[in-house]
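Each of the next two complexes has chain A plus one other chain: chain B in the first, chain C in the second.
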Partner chain A sequence: MIGYRTELRRSPLRWWFPLLVLLDLAAIFGRGRWWIGEWPMTSVQAQIPAFYLAPLLAAAAAWAAGRTGRNGLRDQLAAAARPRPQVEFAQLAAALTYGLLAYALGAAVAAGVSLPTAGPGFLWPGYLLLGAALMVSFAAAGHLAGRTFPGGFATPVACGLGGFIVIAWAAGPQQLGLFAINGAPFRTVSWPALAVRLALAGLLLAGAVGLRRPGGRSAGRRALAAVAFGAALVVVTVALTVTVPLQVDRAAPAQPLCTTGAPTICLWPEDRNQLLRAQAMADRMRQLPTALVTLPARPIAELGLGRGGSRDPEGFYVLEGDMWDPAQTMAGDIMEASRPQGCPDPAVSAFTPEFYRASGELMMWLTMRIYGGPMPATMHGGPPSVDLGAVADVVRGTDAEQLAWAGQRSEVIHRAYCG
Partner chain B sequence: MDPVVRVTGLTQGYGARTVIEGLDLDLGVGAFGLLGPNGAGKTTLLRTLATIAPPGAGSLEILGRRITSERSARRARREIGFLPQDFGHHPGFTVHDFVAYCAWLREVPARQVHRDSLRVIEQVGLADRRNERMKALSGGMLRRAGIASALVGSPRLVLLDEPTVGLDPAQRLEFRELIRSLAEDTAVVLSTHLVEDVSAVCREVAVMAAGRFVFRGTPAEMTALASPGTQGDTALERGYISVLGAGR
Partner chain C sequence: MRTAVDAPWWTGPLRHARAHDLAPVALLLAVVAGCEAAFGSLTLSFPLQHAAHSAGFPMRRELPIAYAALTAGSLHSRMADLETAAAAVLARYEGLQLAAMYAATVLLVGGVELSVSGPGTAVVLVRALLVWTGLALVSGRVFGPRLAWILPVATVFPLTYLGEDGQGRALWWDWTVRPPSDAAGWTLAAVTTAAGLTAFRLTPWRLRTLRGRLAAR
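After this line comes the complex of A and B, so read on.
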């Protein structure tokens, strides 16, 4: 403990710690507030700062590890009774302590702000462990680099920049899968995938503190350890690629949360803070003019609740905590249910640009009606050639005006199907 | 009683270059001076005794245990205090941190580290500077902090490579007094260029040249070997120069 306490006291991160905490909180809250009140999203959000902390830790660990060489302590360490891995571990543990403490504080704050509005449950450990594994892996790699190349500038800078490049280009959920960016309730971290990432962190940690330059009394053993480390690294890297995607579907809950009355909208229990909004949307759907639209008969369910799991084509997804995307899905369902019946399938040539525009406009009108307003500024996209502002103006009009406007679009669609 | 150090047929080198060849040495409690010109092999011998460099050939025993593996070397290191010629330190450490860190490296029991660090810091005359950072110390003070780091934990074998470099005359006198008292129950190996340090504190002295001993005996015996007309400020220096000349 003396060595660890000493390393804690002299770690450069001692002075940077407040900045690490600020960075952590900025990464959590700077991306939006939509995750508040939803445990899996809060968990992923608490993991997001690891993207930034991990490369910084790699740089700091490289700088700290290089001090032994820069300050000329090689002979003293070589003459030490204490096993070298313990000495190195104390140093690396100090850097990790500051990094992981900042990470844990951020997670605690995220949990604290979610707690009042989220239902039963808490942070999902899988996501938090994923972020921790990323930080340990990067710090260990930085430590190893610092031991090997003890420069005080080039090595830490290379480790920091290299870390950011790996995060940006190779570590994403669809690449090496070292982190998650989406905490939808219908998905969770695959435990085998997490185990492999923890194994990577453990392996790099062992290598960072245990590997020594071949030579001296245990030259053969050291060389063998280096070869074994390299081989294990190859195996774990292959395992990383094999265990992508990182997230797997969760089993649907026996009792999802559903709105009352028809049509019914069902949500994952983790999305309980959307239930009131969903109920309002269901109520608004009931108020749609039945002369123009037919409401779907089956419950409208969040992805993962239906038979198709997370790939259910009829399920909706609460994107970034907003019900706009679900409203779009519901509008699509209504368009499908309202398709002219009894007419033969038209030739593709019947679908003119006018048809596509009418379909798009009608769909966006339905979306805004269900959503209860125009598309929020945080959302993007929409059908091509549809003026969303103009549709929003229509939604603000009287019922009669809206009915006439929608009737014209419906007529165009009907003509395309039934001539 | 077993000697503290027993070296038999030691050959040591770097790559193809042999630095020490066929050296035998038994050391018991007391101060042992190691003299010799640059490149004679003094530092290599000390690094071997510190179990940093395994013998190329021959054997090394510390406190009756043969050093044959990393594990046996580590066990021996608990009893060895080593001050390298160019000892390193972290500039941000306080003197106390530095000595305590060295105690931790030597696996001094945790409950003794603080008390023993204070004791040796006081012994080297740095008590009033124990909370100063190493980067704020003068060269002589740094050297004294280094000596304290070698003495912490009361090792039974103390290896000091050029310990008096940078010390002023008064500090050197204090250092000699410290080594004299230490040598009452500890084996101390003092490698130096300064023959007066050896004459002042060492019961036995060896002169190394080209990787072997060209003289072993008491300072008085070395003094007696001084050839007439040999240059030197003291009788011991003249003896040393004569021994070196004869060895070549």
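After this line comes the complex of A and C, so read on.
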């Protein structure tokens, strides 16, 4: 314990701690604020800084661990009364303390920002543990590298820059799955996957403090330990690849949050901060001219609430906390429900470019009517050959003008189906 | 008996190179250049989920950091304690070493990129090398040459995470992405190089003299 406190006081990270906190907060708040008020997204966002903190911790641990070799204290330490793993653990624990403390502070700030608007629940521990496992794994690997190659220059650079490259190249959610990017409410981190990542952290930690250079009286035992460590590392790496994808679908809640009045829009309870917006959209849908459109009869549900789970073709997805994408899905549902009935299936040749343009324009008009305005600047895309600015101008016009404009498009579509 | 005066002219540079581990540095430069040529196109992806942003970018864009760290880190000496009392000839050798490292890294980055990716990328990455080398020299003066990598490695976060606006366009200061003729990028390169060379010239004894002069005023 005294050793740990000394290491804490002497760690090279002590002066860098405020900067680590600053980096953590910049990573949490630097890209968009849509995660605020939604617990799974907030949890994933609080975990993102681990991506950047992990290689930095690896470099710092490598530099710190090279101390013994750099200062010529190897023999002195070999003759010390304390068991060597205890000495190593104190030093590594000091580096981890600074890193994990910055991470925890960032998570606390993120939680505090989310709390006033968030739905039921709190930070999801699975995502936060995932980030912590990533940081512990990298710091331990850096410590091991620093002990093995104690030169003061190349090892920390290789751990820092190489760590960034490895993590950005091979650790993504679709690869080794060491971190998560998307905190959609219909997904959660799979517990077996998390257990394997925690096991990796534990194994590297054990290797970093326990492994010793072969030599001396117990040379055979030390070599055996190194071989066992290597074998375990291979097993865990294989387990990493087997447990990808990292995230699994959650069971739909018994009571989703739904708007009142037909048509109904249903959300995950975690997305409660969108409920008022969804209610306004349902109300605007009710005001659409019934002469032109038929509203879908079933409730319009967020992805994961329907039967198909996260692959439900009819579910909408709240992209980046914006209801634009859901509005587009709902417009598509309305187009589907309003398709001319009772006519024979038209020939493919009936679907002229004019038809596609008319149906694209009508769909974007519906989307903007439901959304309550033009496409926000942060969103992208739309049907080809549709001038979104021109459609936005139409939406600003009077009801009669809009009805006439939409009637023309509707007529083109009807002609394509029914001749 | 041969004295130092009789020794052939190359003894001094050779000893300087040995004390500064320039043979391993040259080996590492070759290793990094080999990695750049062979694996420079590996796709790195960063934790962004914005729909408008590219999924990733090639590794070569970050590799000049390794060259820059080697340039500034090579200024560390195994005899650093002794050298604090060295004569002016050491300063001359260090200046020559820095010039040689600049030339070697610019030629390596430019040459590898010219043959692998083309002139545009070569120019952008040489510019990035200049920026990072300047930062590494500053960092080396502040934290010691062995920790010269701190500032360049620290720039990875803003460059990969904050370097774009909401539409996915590179911000003016993103020196790894802006086009080869970009004025802001070259201004940054000039400023950081000037800062790096100033930091290199600002040895402890010069700093002391400067402080003494300021105090005398």
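We adopt the following convention: the second predicted complex is superposed on the first by the 418 of 419 C-alpha atoms of A that agree within 3 Å, B and C clash if a C-alpha of one lies under 4 Å from a C-alpha of the other, contacts with A are read in each partner's own complex, and residues count from 1 in each chain.
The rule we apply is simple: a residue touches a chain if its C-beta (ideal position, glycine included) is under 8 Å from a C-beta of that chain, and two chains touch if they have at least 3 such contacts.
Everything numeric in this text was worked out from a predicted model, so none of it was measured.
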Chain B and chain C placed together on chain A: clash or fit? fit
Item to complete: Name the contact category of A:G372: first (chain B only), second (chain C only), both, or neither.
Response: neither
Once aligned on A, the angle formed at the Cα centre of chain A by those of chain B and chain C, in degrees rounded to the nearest 10, is 50
Chain A contact check, chain B vs chain C, more residues touched by chain C
- Query: Does the superposition put A:G119 against chain B (first), chain C (second), both, or neither?
  - Reply: neither
Q: For A:H380, select first, second, both or neither according to whether it touches chain B, chain C, the two together, or no partner.
A: second
- Message: Just to be sure I read the superposition right, which of the two partners does A:F153 touch: chain B = first, chain C = second, or both, or neither?
- Response: second
Taking the superposition on A as described, I'd like to know which of chain B and chain C A:I48 touches: first, second, both or neither.
second
Is A:R67 in contact with chain B, with chain C, with both, or with neither (first, second, both, neither)? first
Shortest distance over all C-alpha pairs of chain B and chain C after overlay on A, integer Å, is 11
Counting only contacts in the complex, chain B reaches chain A at residues 47, 50-54, 69-70, 73-75, 77-78, 80, 82, 84, 86-93, 97, 100-107, 110, 113, 149
The residues of chain A that touch chain C in their complex are 23, 26-27, 30-32, 48, 51-52, 55-56, 59, 63, 152-154, 156-157, 160-161, 164-165, 168-169, 172, 179, 181-182, 319-320, 377-381
So, in the complex, the side of chain A touching chain B is made of residues 1-3, 6, 9-10, 67-68, 71-83, 87, 216-218
Chain C contacts chain A in the complex at 24, 28, 42-52, 56, 59, 62, 65-66, 69, 73, 76, 145-147, 149, 153-154, 156-158, 160-162, 166-167
